[in-house]
Structure formats: structure tokens, C-alpha cells
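Before any comments, here is the structure.
The chains carry the letters A, B, C and D, assigned in the order they are written, with residues numbered from 1 in each.
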Amino acid sequence: MSGQALLETKMLTKHFPGVVANEGINFVLEEGEVHCLFGENGAGKSTLCSCLFGYYRPDGGSIEFKGEPVKFRSPRDSIRYGIGMVHQHFVLVDEFTVLENIIVGTNTEKWSLDLEASENQLKNICDEYGIDLKFNSLVRDLSVGEQQWVEILKSLYLKVEILILDEPTAVLTPEESNKLFKIMHKMGQNGISIIFISHKISEVMLADRVSVMSKGRLIDTVFPRETTPQELTNLMIGREVKLRVIEENDNEYDRSYPILSINNLKYKNKYGKFALNDISLNLYSGEILGLAGVSGNGQKELFESLSGNLNPDSGTISYEGKEIQGRSSRVFMDLGIGLIPDDRYREGLVSDFDISENIILGWQRLNDYTKGFFLNRNNIKRLAEDLIKKFNIMTPSSTVPVSHLSGGNAQKVILARELNHSNKILLANQPTRGLDLGVIEYVYNQIKLKRDEGFAVLLASEELEDLINLCDRIAIISDGEIKGIVEAKSTSIQDIGLLMAGQSETSA
Amino acid sequence: MISLEKRLESNISWVLFVYSLACIVGFIFTAFLLWSSGTDIPKAFFALYKGSLSSKKAIFSSLNYATPLILTGLATVVAFRAQIWSIGQEGQVYAGAMSAYFASLMFYGAPLWIHLLLVIAFGALGGALLGVLSAVLKNKFHVNEVISTVMINYIIIFFLSYMVGGGPWTEISDVNTTVYQQSDPVADYSKLPYLFGSTKLHLGFLLAILSAVACHFLIYSTPFGYEIRAMGHNPVALGHRGTNTHKTLLYILILSGAIAGLAGVTEIFGTSHRLKSEALYGLGYTGIIVGMIGGLTPLGTIIAGIIFGGLASGALYMKVLAKVPAALVPTIEGMFLLFFLCAGVAARYKIVVTGKDV
Amino acid sequence: AANTKDVNIAIILCCGVESPWDATMVESMERVKQAKPHGLNITYEYTEPIYGDAVMDAMTLFAESGDYDIIICHMTCSDMVQRINKDYPDVAFVSVGSGNSSKGGNEYWIYKRVHEAAYALGVLAGHMTESGVLGVVGTFPADDVNDEINAYFAGARTVKPDLIQKVSFIESWYDPGKAAEMTSAQISMGADMIFTLASNFAACEENNLLCFGNFADESHYSPSTHLSAPIAIWDRDITRIIDGWFDYKENGVPQNGNTEMMWTSMKDGGAVVAPFHGLADRIPANIRKIFDNTVNDIMSGDLVVELDVSEPKSD
Amino acid sequence: MSELFQEAVIISILAGTLRIMTPILFAAIGELVTQRAGIWNMGVEGTMIMGAFVSYVVATQSDSLPLAILSGILSGMVMGLIIGFMTSTLRVDHFITGLGLNLLVGGLTFFWFRIYVKGGHPPTFTGLENFSIPILASIPILGEVFFNQKPLTYIAILSVPVVSYFLYRTRWGLEIRCLGENPKAIDIKGLSVALRQYIAIIIGSGMTGLGGAFLMLGFSDRFQPDLTAGKGWLAIVAIIAGKWLPKGVFAAVLVFAFLESVAVHVQIIDADIPYQIFFALPYLASIILLILLRRKTNQPARLGVPYFR
């Protein structure tokens, strides 16, 4: 780390319709450093990176490369300056092979494709960093972790000097994350400077320097060793937040009779892989059952079977003793089972509908909401408005399209709907993914509240620490199998990590 | 490179501006076409006016032409609102006409109003059946609805050709009349009664307006309408939260088909009074354009339909009085659609020219 | 001296002046104009193709303008005529062709049959075919299409009783693509002469066979293959209408249009056979002689070609 | 029925199959390239008609078939430009753009045709000649069927391997396929999505225009409004039935063409079946084909989805 400014922004500003994403940002990346961007959702981290990468064009301010003012009209320019970026959401082609994904759009001279040459070049890179990938397997067959490697290789293949990683660890197992940081270290040695974004405080502390962003502004750049996690977080949120979301809990509940019992559930996905491999679980009223594991290991299929959106090949799901597997989602909902899907915009919301319409999604034919043939606008509006109050959703009115809501507020809309219409069971798949601590805290408290009201809650998350704090029991899922069920009171991240890791070679 | 930026707030006057601009450009192009065909442009436009709204009679005639277009337009609205790209309206019009004709023979002798109701009901039924067909093809066999509906269109047209060209409904031929691709005339009392003492405008027009109003309320203020719109925006979420989207799709296509079928009824029993494909040809395809220009809203469709009806009525005058070559109308319609689509973009987005990529 | 000096005629065309049907009508009209029946100055105009219900609007438009004395419309328009003709008693309304009927009065009905000419050509074909297989590419199986196809085969059968007939309909008044495919299909099944009602000679040329056109002399499309064709002549039919109208105008005799189908026989000049042009020498003299005799017999009335309008089928 | 199995008839059916196949194949393979770039172009029918009409006018004016063919291709490309502008630049819904264009072109060509022939007989031209490949053509049956066709037929068949090489073995092909699956992957490389979509649709529409030109020059001697009679739609069906793979599309087109050719011949054999049934046959068959081929397709993930940054 030479202290030499490599890439620098001066008063950089970027607006989106109705949003100020970046405001007067002065950001400095020094040669050879690993620089972390830290900040709540929508603080503008990704936007800043996209500007540095030339994907977005700043509305104001300037960017300097090695002291020279530069204009990035498109990623082409930044790539020419040796800047590469791994985006928050993968930009891969499922139907392409790893190799095709990496080389597409890289050669702009020749007409023909020289696959061999590219492949050899890649082999060298992989050997150097100890990444191993089958170049001819289709990306859709790769695990999420492996896909992340492909993303990184895309940049390395272009011989980058600066690598921007937007929330690279969000989808990685603990040990994959460790591996990634090792690799980042190695890159540093090879003279590659790195910007990475993370919401995980532990990772933030690993950076050489941290820039804290909030609501579109860069508040401060600090050295981790000169500060503490707590300070950093307060700095970001602008108020006290408990990092430990919930203090030790001592929840007692009756385990004699499961409200939902899952037996030997099996499901083969369309690529012939067992997404659910003989899963058995019992869920009791008044408990929070955690489901620990890296996403993509069967959680989605499990939650879909439990909400009537997927018909398992074999096995049973019994609700209070009667089998309901393979019934329609209608049936499950009418039994009082609520669902918070992991992909909130695709499965949980109709973005173009306003809040009140989303509040009745799935219940539009309920008597309370209809008057004869027609929808009962007044009732719906009234309900929407007091749910907006109850869940303090930040919005001017109940008629704002959900697409205009922030991630966190959108998530609150789902929470409000599901908790309002279900009364027995809540299924929550990655409910806090991509949300900042403020919102996370809120969501967890709501879930805990319902648990205390006697709900049975199934909560899947990648945040082991949160699970331990929140849950009564934790089931570890990996590769479509339940690797073990532990009492939250008497376990540790390490134990769970081991149970996952025990399978991680196959699961990652 | 040109990119688009969404406008958060829609500015009414701007929207009006771009759409009227689209109209003006449309008329300029029309004038150019007329000029290219060597017709006297003022004369042509006057003929258009004369034939479309110069007189009570002209207006009735325009509304008469508008009637089936409003109906097929509505059929389009219902389906497209749910992002179901059914272009089977054409075939459904034929099917509606045929089953209505069947009913008019079957229930011959029933009391007038019952007879008419049955004829109309069967018309809707016929269209609906084709709707069911494409719905089943999509739900059960994943056959893309665009393709299935287009193919069914061709098939049904050949079917009618058989029924009235050699088949059982072929007109009886003797010294007083001869076979030619049409049925016997429909019984007088099967004809849709005329309105307002006109000899053109018939009950079908009321039917169309009523259907439009009904569709309006259906789409915006009923649970089914909610499902239609949700289907259009995000079928996955709709399905995940307790709505059987297969059923929804089926009902939508049934409704759409039924409305299109009505267009067949109004044409045969309101206007041509014989079953013949000549009278039905193109109504479905034009309806798609009408629905689109109507902004996929029922009330907008009424307006678009009436405009197109005026065009059709005026076009005849243009042909006769100004010697404008045939087929000008579809050309104009197609042009206006494209310009309106562009206007729609201009209304919803800011167009920003950014640096160039390669 | 008559005080009715002018007659204005409007012709509403179905398919455009380039189509044989409309073209022959317009040609006849021009001839009648030159002939000046009753010393009338005939002025006429024809429209762009108009079909469906628009035809009624067109008729009304002409009628209410008051400038037209005779309004002729093609295809199925008698329904519409019967809705408006009462309102314009001074005008003569004429429907032409199939799918029509007539209630008389100021409504007339012209029908056209060229089956006699077709019969004569059938005889010619019967003599000239070597394979004994004759093909006909038809449009729609309509009454006035069936009649000529059946007559054509009947003529041929007088020569070759065991003749094999091939018929296909292209389900359109005019679709060159389909017509071409149909023609080559028939040729593949042995047909060595094609009578095409769809005026497409591409396939004939490809296999250099002799073909017959229909309704108008289309030899200019394909001088090398178009041997002849039955041709429609409308002069008589048009004059008949003019007479009726003139009698009403001049002598106040109420118009009395035909309620029954009326068609002008070949004998009375309703149809002729197209000249062979450059291909005349392809026909052996003896066959030519037989053919001419057939035509003469028809013209003299010695030979009566009987009418068969049932839908022809292939065997 | 036995009649159908005479040598001459079989030859005629097969030869007819290749003839009928040619224009649909051009359109289908062209449209395949377009769709691989993510554009659900419904304007195939219209593009074909335009190609046919323009080549007709040029053929009758210049008496030069090569010129006519070329102009057919060009007119197709112009249509491609328009569709590209609407779908790629303005991001208008792909279906509607196509449908609107079909309507417009259907009317426009008819309109121009009326102007062009006003009064007189429609001018004619002498169509494409068959070209019999020397030795091969003399092989019994096969020679007649395969080696005595119009040159464009050979080119159409050739276009299958050529296009599939282009799509799978060249950098442009790779990038175009990428657009259909995930255009952002191109965008973040700083490469223009629009440019590549334009290229794809111009190639595609060019081939479709060529198909239209063949329909005109290969089958008849005069233009006729709406002479494509649904062939453009069949091309689209063929792509779906062929699962977006060049070989599959080729196979599907062959099946339709064969059915149509059979339909044409069956009508002429001694059978008391309403002839309309035979006309409906290919359309019926295409639906049945799609039913049989249900499930797994390689439909590009972002087909028909306008790309916004």
C-alpha cells in the first residue's frame, strides 16, 4: 500500500428519477489497498461503483485516474484503464458454458472464436489463484459459490488493475468467503487494488480502509484498526443499534405435537438433481425453527413445497395430522400459513400495483375486501393505511406503487400482508437478505412477537449468528439434506459451520 | 446510443402534445400516400369527412362500422391486459358468427326476444370455445398462444368456407339464386333491430358500448379484474399467493373469446344478414390495433373503435368520390398504430442520447 | 326523336379492372358506348374494388347523387339492392353474377355462363391430350365456375369417354402461388393440358404444356402456352338493361327487371372462344376442323350443351 | 390413394416439398437469428410481403431477376431497421410492433399494387428457372427431386449450416446469443446492445425478405396482395417447434412443407373429402407438432423482453 492515489472521485453526484443516489462523493482508492464500502441499503454504494466502472455516467463531479481526469463514457473506457467489476447481482448467462461466459464480448478484433487459446489463458489464472472450475460445464449447473468465481474470473481474464466487488460474500459459505479473502490478498500482492462492498461487519474489519456511506453521502473514510465494529455501525446508521439483534432467549413451548410435520420429502429438479433429498422436520407452535445453510441448497424448494407452490415427488407434509403435500397454495394460505419468499419482487409483490393492492394480494376474493361483485375499496384502503402505520412503512400514501418503495420498505409490505392474513405458521426464507441493520432489527422483532403469540415460524437464513440469537432450534440444510438439528441455546457458529462444512465440498 | 429514462410524474399536457403530434404526423403521411397515388388530396379528405361525420347518416354509418371493432378491441384489451398475447380474435369472430347462425336455425320459431338472446348467447359461446381451446393448449401443452391462435384462425376460416361452400349451410341454388360462398339470408326476425330509425345502426352498437362499460368495471373494480391486471404485471407472484393462474388464463381467454364472438353476431345479424366470410374478414386483426390505440382500456377502445369506424366509412367515400386506391385504410391504421406506440414511449420516458458504444 | 339523350352508368367493381371478370365487363361497356343504342350518349365510370357491405354504401352514394341512371354491382349485392332500390325508382340497379337473386322492378340480374365455349375447348382438349388426363385449376366451387368445368370435361368425354379428370380449387379468385403448385401437381398425375381459371401459367411454361385461360383472352401473359380461353361478352346483357331503363324513361313503361336468372348463350353472343394467336399451328388441321364444327353447331343451335353445376370432383 | 405412390407423383410431392420449403426456410432461419438476439419479431409475415412486392416491381421494371432478388433482400433489411428502431431503440412491445407492421405492410403493398397496375393488366415477369446440377440431376428420382431445383433452394438449405456456424463459432454469434439470454452481460462490457440487436434483425429480416422474393419470383408471374398466406407465421411456428436450434428449425420447416405438398396432391386424387380440409392440414399439423414437442425448449431467456439499463 503506497498511499499513492490510484482512482479518485471529486464531488461525484448521481441522481436517479426521484432519488439522489450519490451526492458530492470524494472517494480515494490508493494503489494496492483493499478498500471497503460500508453502508445501509440504498446508501449509494453500488451506484458509486457503477460510476467508477463507467456503467452509470455521473451527473456531476469528476473521476481521476492516477491524477489524470478521465471520462468513463461506458465500461469500455474503464476496462481500457484496467478496471473490472463484479456486480451485486450476477451477470451470467445460464445457458452458456463457463468459458463462453468469460470470453463473450472480450475479443473485439477477430471474427472467429479461438476457444483453445482462451482456455489455456484461463487455466494459468486459475492455477495462480487456486480456483478450480470445469470450463465446459453450463453455468446453470454451478453452485452459487462457483458462479461467483466465474464472475471474478471474468475480470481477471481482462487483466484488471482495479477490481470492484459488490457484496461478493453475500452468497458464499463462511469458508468460501475465507477463500475469497485469501484470493483478494493474493491479488493485492499482484498489484491489484480492490474495492469491495459488504454488510457483514466482520468482513469490513478485514479491509485496509473503510469508507462509510449513508443516504447517498460518503460520511468518512477510516482505518478499521483505529475503530470498533460498534462505532462503524453507529456512524453508518446515525444512531445506536444493537449488533446482537436479540439477547439470550428462554422460550418454553410444548413439543409433544407438531403443527406441521414433514416426512421424507424428495424432489428432483429439472436438471435431474435431488433438490430435496429425504427431508424430515417437525415444526411446533410457539417456536422459531431456524434453517441454516447457504441458499441454493434446497431452501427454495422446501419453502415452495411448504407453501403449495411445488409438488414434491415423494414424502408427506402434514398439517395438524392431515396430509396436504401437493395441494394448491390457496389451501396452505387458508390454513393460516404465511410466506415471506426469498425473491421478494418476483414472488412476493406486484411491483406496479400500489401498496393497498399488494396488501390484499392472494386475498382479493376475501369477503372483507369485496362488496357483491366488486372490490370494497374503502375497506382495503383502511386496512392498508393502518398496516402502514403498524409496520411504519415509509411512504407518502397507500397508493404509491411498490416499485417506488425502498427494498426495506417493500419487504415490510410483504411482512404486513402475511402476518395480517396468517395465524398459525410463518415461513420466512432469507427475510433480511440485502437489508440494513435497521430494518433487520425490525423484521426480527416482528417475527419474535408472532412466535410469542403462538405462531410456528420456519426461518431460513445465511446469517448463522442471527439464527443462534433468534431461534429455538436450528436445522442445518446442505445439498438438499438436513445435516442435523441443534438446540440454539447449546450451539455455536463453529458447530453449525462444521455441520455445513462437513458437506461443503459437495454443496459448494 | 439512445437510452430511455422513466418519467416519475406524468405531465398531462405533454402527453396530450405527443399524442396529437402522432396524429398530425399520421395525417401528413396519409396525405403523402394520397399524393403518391395521384389523388386530389383536399377532395380525398373532404370525402373522408363526408363519409364519416358530415351527416346523421354518415355518423350512423361510422358507428355501424365501429361496432365490431369495439368488440374485437375489447377482446384484445381483456387478453393483453393480462399479457396473454391472444391474436385469435379473428377466428373467434368467425366462430361466433357460425354458432350464432346455428342458433338462429336451431331456435327458429322461439319468441322474438328469446330467439335474439339465444343467438347472441351462442355467438359469445362460439368465440369462447376457441378461447378454451387456446387456453387448454397453453395450460396443458405449453403451446405458445400467439401461434395456436393464429393457426386456429386459419383453420376456422377454412371451416366456414366449407360450411357455406358445399357444406350443409350452403345456400340452396335454383333459377332464382345461385350458390356462392354464403348461407341463405337469415330470417327477418333474427336480425338485430335497428336503432334510432337508422337503417344501419343496430342493436349491436348498444351491445358493444355495454360490453365496454362492463369490461371497464370488471377490470378496475372486481377481484377477477384484479387478477387480470396482476397476471399482466407479475403472474409468478399471483400464482405463489393462492391464485390458480391456469384457471385465470382460462377465464380470461373465455371472456376475450366471447366478446370477440359477439362481433361475429353483430356483423352477420346486424349488417350483412347472411353468413359469409367476406363480411367478417379482418375484424379481429383490426380489433387488436383498436385495443392498442385505445391504450388497452375499455373506454379508450370505444373511442379508438369509433375513429376507426369513421375511417372505414369515410374510406368508401374516398374510393368512390376521390378514386383513392383500395387498401388505404389498413395502411392508415397500421401507420397510426406505430406512431401512437412511439408517442406512448415519448409520453412515458425521457429520451437521453448518451455516448456511443460499439 | 327521343328526348332521353344521355345515360350515366356507374359500375362497382369487385376485383379491380385488371381481373378478367371486371376487365371484360368494362370492355363490353366501351363497345356498347360506341354502338349508341337508342342513340343514347353513354357515359360510365367504374370504381376501385369494393366488397362486403361497403357496396351498399357505394350504391346509395351513386343513387342519391342523382347523376346516375344505371348502377351495376358485382358479386353478392342483390340483398343490398333490395334494401335501397325502392327509394330510387328512376334508377336501374343491376347485380351481376353468383350469390344474387332478383325481385324485379328496377332491380335487374345479369348472369354469365361461358360453359358452351368451355365445352368446345373440351372437345379440342379431348382430341389433343395424349395421356387422356385433363386438369382444371378452379377458384371456388361456385355455380358459374362449376358449370364451365363440367362442360369442359363433358366436351372432352365426347372424344375420350374414359377420360380422367383432375380438379383442384385454390380457394381464392386469384392466388398464383397455390395455382402453380396445383398445376404442377396435376401435371405430375399425368395431366397434359390444363384449363386454369386462376390465370397462372408459370407451371405450364415450366413443363411447356398447352393451357387454357378463362373469361378473358390472357394469351399476353404466356403466348407460348396459352392456347385459348372461353371469353365472356357482356354487350347483350348491358343493352338489355339499357333497353329496360330507356323504355321506362322514354315511354313510362314500368321497369320490369328479370326475377329469374338470365344468361346470354354463345349463340346470342354471350361468349366466344379466344383466338389461338401464335399457337394455331400446334393444332392438327383435322382436329381444328372438328373444333370449328363444334363451335358452329353451338352457334347454330344444333348442339345444345346441357348445364351441370354440381361440384366437380377428381377421379 | 394408390395414385399417390406412383413414381411421378412421389417425385412431384418431394420436389414440391423443397419448393414450398424454400421461402419458409429463409424466413425461419433469418427469424432465428433475430430471436436469438432477444427480439420476438412478429413482423415476419409483413417483411415477407414487402420483399415479395418490391422484388415484383423491380423484376417487372428491370427484367433482371438478380436485381429483383437483391432488392427483395434490401427491402427486408429496411423493415428490419424499422422493427429494430421500435423494439431495440424505443423498447416498444415486440408483439405489437410486429402485428402493427404486418397490418401496415399488408395494406401498403396492396395500395401500391393498385397504383402500380392502375387500369391495365398487372405486368408479368419470367420467374426463376430450375437449375439442374449436371451429373447428379440424372440420378433417377433423387436427381429430379434434389438436383433439379431453383438455385435459391440450394442456397436456402446451405443457409442452415452457415447460420449455425455464425451463431456458434463466431464472436458475433456468441454475442448475439448472449443478447437473447442476458443482454446485461454485453452491456457491462461496454458493448452496444442495440447495435448487435440491429445487426441480428437486419440479417434476419434480410433473409426473410429473400424468402418473400423467392415466393414472388419462384412461384408466379404477378404480385398478389397477401400472397404469403401465413407462411411468415409458419416460420415462427417452425422456430418454436425447432426449439430455437438451426437443425430443429430446418426439420420443422421440412415437415410443414411436406404436409402442404401432400395436401396439394391429395386434393387431386379421387377422394370425396371436402378440399378445405386439405388446406387446413398444415395449420392443424403445426399445432399438433407443438403439442408433441411440448416442454423443454431452448427459448432464449430474455426473448421479447425490452432491455433497460
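One rule holds for everything that comes next: a contact is a pair of C-beta atoms (placed from the backbone, for glycine too) under 8 Å apart; a residue touches a chain by one contact, two chains touch by 3 or more.
For clarity, every value in this text was computed on a predicted model and none was experimentally measured.
Steps from chain A to chain C, taking the shortest chain of touch contacts, total 2.
The distance from the centre of chain B to the centre of chain C, with each centre set as the mean of the Cα atoms, comes to 36 Å.
Remark: chain A and chain B have CA centroids separated by 47 Å (rounded to whole angstrom). Between chain B and chain D, the centres computed from C-alpha atoms are 28 Å apart. Chain centres here are Cα means. That of chain A falls 45 Å from that of chain D. Multi-chain contact residues of chain D (touching two or more other chains): 114, 190-191, 276, 279, 309.
Touching two or more other chains at once are residues 74, 76, 108 of chain A. Shown for chain B are the residues in touch with two or more other chains, namely 158, 161, 165-166, 325-326, 356-358. In this structure, the chains touch in the following pairs: A-B, A-D, B-C, B-D, C-D.
For chain B in complex with chain C, the touching residues are 51, 61, 158, 161, 165-166, 171, 173, 175-182, 185, 199, 271-274, 276, 278-279, 281, 313, 316-317, 319-321, 323-326.
Partner chain A is touched in their complex by these residues of chain B: 5-8, 217, 221-223, 226-227, 229-230, 233-234, 236-244, 354-358. Residues of chain D touching chain B in their complex: 42, 86, 89-93, 95-97, 99-108, 110-111, 114-115, 118, 190-192, 194-195, 225, 230, 233, 236-237, 240, 274, 276-277, 279-280, 283-284, 286-287, 290-291, 294-295, 308-309.
Only residues 17-18, 57, 73-74, 76, 108, 307, 309, 328-330, 333-334, 339, 341, 346-353, 357, 360-365, 369-370, 373-375, 377, 404 of chain A touch chain B when the two sit together in their complex. Residues 16, 47-54, 57-58, 61-62, 75-76, 79, 83, 97-102, 111, 140-144, 171, 259-261, 309, 311 of chain C are the ones that touch chain B when the two sit in their complex.
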